[in-house]
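The next part holds the structures, each set out as structure tokens.
In what follows, subunit A forms one complex with subunit B and a second complex with subunit C.
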Partner chain A sequence: MKRVYVNEEWCLGCHLCEYWCVFSASKETHFPFAFDGGAKPPAGIRVEDYKGINFAVNCRHCEDPLCLKGCISGALSRDESGAVCVDKTKCVGCHTCIAMCPYGAIVSGGDNMPIKKCQLCASRDHVPQCVAHCPNNAIVFEEE
Partner chain B sequence: MKYVIIGNGVASVGAIEAIRKNDKEGSITVFTDETYSCYGRPLISYYLEGKTTLDKMGYRGENFYKENNVSLMLGRPVTKLDAENKKVTAGGKKYDYDKLLVATGSSPFVPPTPGYEKVKNKFTFIRLSDALAIEKKVTKKSKVLIVGAGLTGLKAAEGLYPRAGKITVVDMADRVLPAVMDAESSAIIQKHLEGKGIKFCLNDSVREYSETAATLAGGAKIDFDVLITSVGVRPNVALVQDAGGVCERMTESGRPFRGIVTDDNQKTSLDDVYAAGDCTLSYDVTIGNTRPLAIQPNAYLQGEMAGNAMSGGITFKRNYLPVNAGGFIGLHIITAGSYVGEATTVRTENSFHRFFVKDNRLMGFIQIGEYSRVGILTDMIRKCTPIGSVDFQELIREPKLAALGMDYVKAVLNK
Partner chain C sequence: MIDYIQPDYEVVRNKDLCIKCKVCVRQCANEVHQYDEKRDVLYADNSKCVNCHRCVTLCPAKALKIVKTDHCFKPSANYTTEIIKDIYRQADTGGVLLSSMGTPKDYPVYWDKMLINASQVTNPSIDPLREPMEIKTFLGRKPETVKYREDGSIEVEKFPNLELKTPIMFSAMSYGSISKNAHLSLARAAEQLGIFYNTGEGGLHEDLYKYSLNTIVQVASGRFGVHEDYLNAGQAIEIKIGQGAKPGIGGHLPGKKIGPEVSRTRMIPMGTDAISPAPHHDIYSIEDLRQLVFSLKEATNYKKPIIVKIAAVHNIAAIASGIARSGADIIAIDGIRGGTGAAPSRIRDNVGMPIELALAAVDTRLRDEGIRNNVGLVVAGSIRSSADVVKAIALGADAVYIGTPALLALGCHLCRSCHAGKCNWGIATQNPELVRRLNPDIGYKRLVNLVNAWSHEIMEMMGGMGINSIEALRGNRLMLRGIGLSEKELEILGIKHAGE
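Coming up: the complex of A and B.
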């Protein structure tokens, strides 16, 4: 399957990917509208900053997805592209997936609210917006 | 190939999904005493709380059994296992199997207490049927008594919080959540729940019940309309035990752990009989041995491993560990592993994070309030990552992959 891969030496640490991720997860058609309600990154991608090194981390859509296998409600499943997706109507926000994910790629949506995670922009024609708007090719969307 | 699965919890679903990856042809028959297709058991408190609904509680889609060509025998408990002749008895009828999975789960333990039989509105809290029955009896005027301040008892309290008038929780232990917290963290949860109006009687137990009151060993009398007992569960091992399977491991302390004993592939001591989930003992990487680990993630993973072993799929040794996550009326916790070794605590205004290190390994953690990316730490426990190989100070301040080293980052994030 196609996944988002990281070229950490190209990352500027600009965090644009995080904002495009929030926009993508919203149902808005205009970028700024996604932030009117006070929405803030991170959602499905997060830029790490450690000793001057930056890189973006999102869900690896693992072969052995411990989040999906640990989910108490069955809210996590794979879509037809192989992406691990959350059914927000089923997720009760227990955070077992946050406890299980080895990459720290799942984000709390608040008390008893559905979690947030990368779904490879399933709702945006499967064009990951983080990659589409990365100014320096620090993340790419490619087959294994 | 004829696969038979006893039980229809998430271990059962894990096994079905694994078997069907390897074997599209074999027949799969699932027996369960319940009358619902699989749902996540921990959801029952969220159901009472109004955070989910019956139509959203199905663990898989409504066509799951049909799509996987599974015969689901609802309301049909297995009453006997004849491992020698490879047959199970259900509803008075015998069924043959080639490979059997026992995923019978666990049952609530109710301590024998004088007068318990006189209590009309008494419940345990493990199945959907419990939640549905409790729902009918609890009103805004109800006084609810919960015996047991563990995860199940406190989740019951949270579930009933918007529905009940008064909630009192009694436990023999001197603190709440004794199995998943240490003393200081227990106190944080207790204080939070007391602030919400929940009353605790700790270090105490029920001496005697009347129809609508409990007299505690310490002398207090608590009136109630609804009683919920949640002091713990016992693994359902009878079928395997009666068939001659090993269902106990003696510990160093001389106290045996009860539960079906399996190998890394979830095979029991009986030929062609596998077991997974709450009815088994699990290998806990933090103690380096098997113990009861009745948590849902392990149930699925073990069911999946058993399914693979039964159908010729890929099997490997998994490192299991205790992992618990959930909220208690607005205050969230995530805990993992064992609380042994040296403790380090990081407090902020909205969080309490405690880490336990022994023999150059992270053995466990407790996180209360706000937290992020704690699965990175769970994975360190799971993999027995040496503390010396990572920037541990950075990890406990704020978990991040970079603190595990750039070689690791490249290995998991680069193409």
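Coming up: the complex of A and C.
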């Protein structure tokens, strides 16, 4: 399946992907409106910065996802594209998936609130917004 | 000390749109944008802004714009704001003023005062989408005579030529003045386009030897990075005598830009200033030039054409005639509006002449002397569009060099601050954090797009004139008419006025 990959050679640490990710998760069509309610990244992607190395991290949509195995409420499932998605009406915010994810790719939405994770922009015609708006082609969406 | 100089630009932030993502703070190498955590406020230091548009372009909320300040001196047509500020600057520092890229001064752009012909009724125009259209160009000395052998076959003395798929090449820009990623983008684009890029005087980075088939190597007065492998790495060798933006003076790459890789490539110690002398100290005459031309030919087994690049100056026609007789295969001429990574402002803005006049004068002189076919003629110094290319070729050029348009394609916004070394677009800098901003995968495609687009337009314009081969356009000055030019200008350009 096509996944989002990051090449740290070209990642600038501008963090734009994080903001487009928040926009993608919102239902808004005008970019600034997505942040009206005080929404802040990270959501599905997070840029790690360390001593001049920058690297955006997001869900690997593993072959055998530990998060999905650990989910106590059945909120996590695979959609038809293969992406591991969260049903926010079912998620109880127990954070088991966060503890189980070996990549640290799942983000807390707050105590007892649904978690946030990459769903490969299922709500945006599966066009990952982090990829579309990366200014330096550091994030790509392709087959492994 | 009182700071007399107020900012030229103001950063305007639309607070209704700003989402405080701080990409402007992270991306501005000039540290214009600041964020105060305690107050949760973004603010800007306008005095540092060079108007490079990095923040504006990356702002996802489109909340930023840069405007020219309306803060003003009492208006004067003589003591303009620029003149006053330059005087303050020199009174502050006692130094020579530096600037970058082409002169912003309002010298006549003759390209815009020439119109191109087209066919109507009495001769057919050609549709390049349906009929063959040849823009392949050979650069170098052409055979003067053709001999027939007894069996009727042809005997021609052949000289080394450069073969270009389109009459456009990338100007010399050294590794050091521009980044490795910029060089890599140019090299990859040249390879894909079937044209050439030029190393400039900074040597050739070891990773770029693989683009040898599309490389012109330069030998300039500093002789930086010149060795046998380097000379043989290119398909042609360019002796740089002068540059349009700074005729008569050398170059100076500050020591802080000489990091480990630039140091190795230029073959000079790290951190030392790379100073190119104003003259080549072994060239004081055409005869001396001839010696260097033939030394380089000797070093490369007479297999590569030698280019001599000069700036357009007053006696350009006589100088070009001398060069054509020196054994050089190609003459490259750079006009006053040409770009630079750093030049003294007064030189850039006052020395030289527009390339259009220089080109016409040189082509006329070489034809009059019957030596035009001894050399290829390449012009540079503000070739801004395909129309400029067509006009240059009609005036007599074989091909053009483009520098500034290539950098614009790579993201340059012409903020003219290259000499500061903090290029936010990763072009004119050696800071690894900034160099990373130019991904050659993107850069080379944009260059290929640009040159392909121009090539299509050149073919359209040629077709309109009823010309299907670039050879038939070259020096075809009847295809040009002047508009709003004086008798003298028309005479020098060798063209008629519109309506004639």
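To be clear about the criterion, the second predicted complex is superposed on the first by the 144 of 144 C-alpha atoms of A that agree within 3 Å, B and C clash if a C-alpha of one lies under 4 Å from a C-alpha of the other, contacts with A are read in each partner's own complex, and residues count from 1 in each chain.
The rule is simple: a residue touches a chain if its C-beta (ideal position, glycine included) is under 8 Å from a C-beta of that chain, and two chains touch if they have at least 3 such contacts.
Values in this document were obtained by computation on a predicted structure and should not be read as measured data.
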item: Overlay on subunit A: subunit C relative to subunit B, clash or fit; value: fit
item: Winner by number of subunit A residues touched, once subunit B and subunit C are compared; value: B
item: Subunit B versus subunit C as contact partner of A:P32, first or second or both or neither; value: second
item: Subunit B versus subunit C as contact partner of A:Y5, first or second or both or neither; value: first
item: Which superposed partner A:G52 touches (first subunit B, second subunit C, both, neither); value: second
item: Subunit B versus subunit C as contact partner of A:G13, first or second or both or neither; value: second
item: Nearest Cα pair across subunit B and subunit C, whole Å; value: 16
item: Touch list for subunit A against partner subunit B, complex; value: 5-8, 48, 50-51, 53, 55, 57, 60, 66-67, 69-74, 89-90, 92-108, 111-112, 140, 142, 144
item: Contacting residues of subunit B [partner subunit A, same complex]; value: 14, 40-43, 46, 49, 51-52, 56-60, 296-297, 300-301, 304, 323-327, 330, 332, 334, 336, 371-376, 378-379, 382, 394, 399-403, 406, 409-410, 412-415
item: For the subunit A and subunit C complex, residues of the former touching the latter; value: 9-10, 12-16, 18-20, 23, 31-32, 35, 52, 133, 135-138
item: Of all residues in subunit C, those that touch subunit A in their complex; value: 16-19, 21-23, 26-27, 58, 60-63, 432-433, 436-437, 439, 441-442
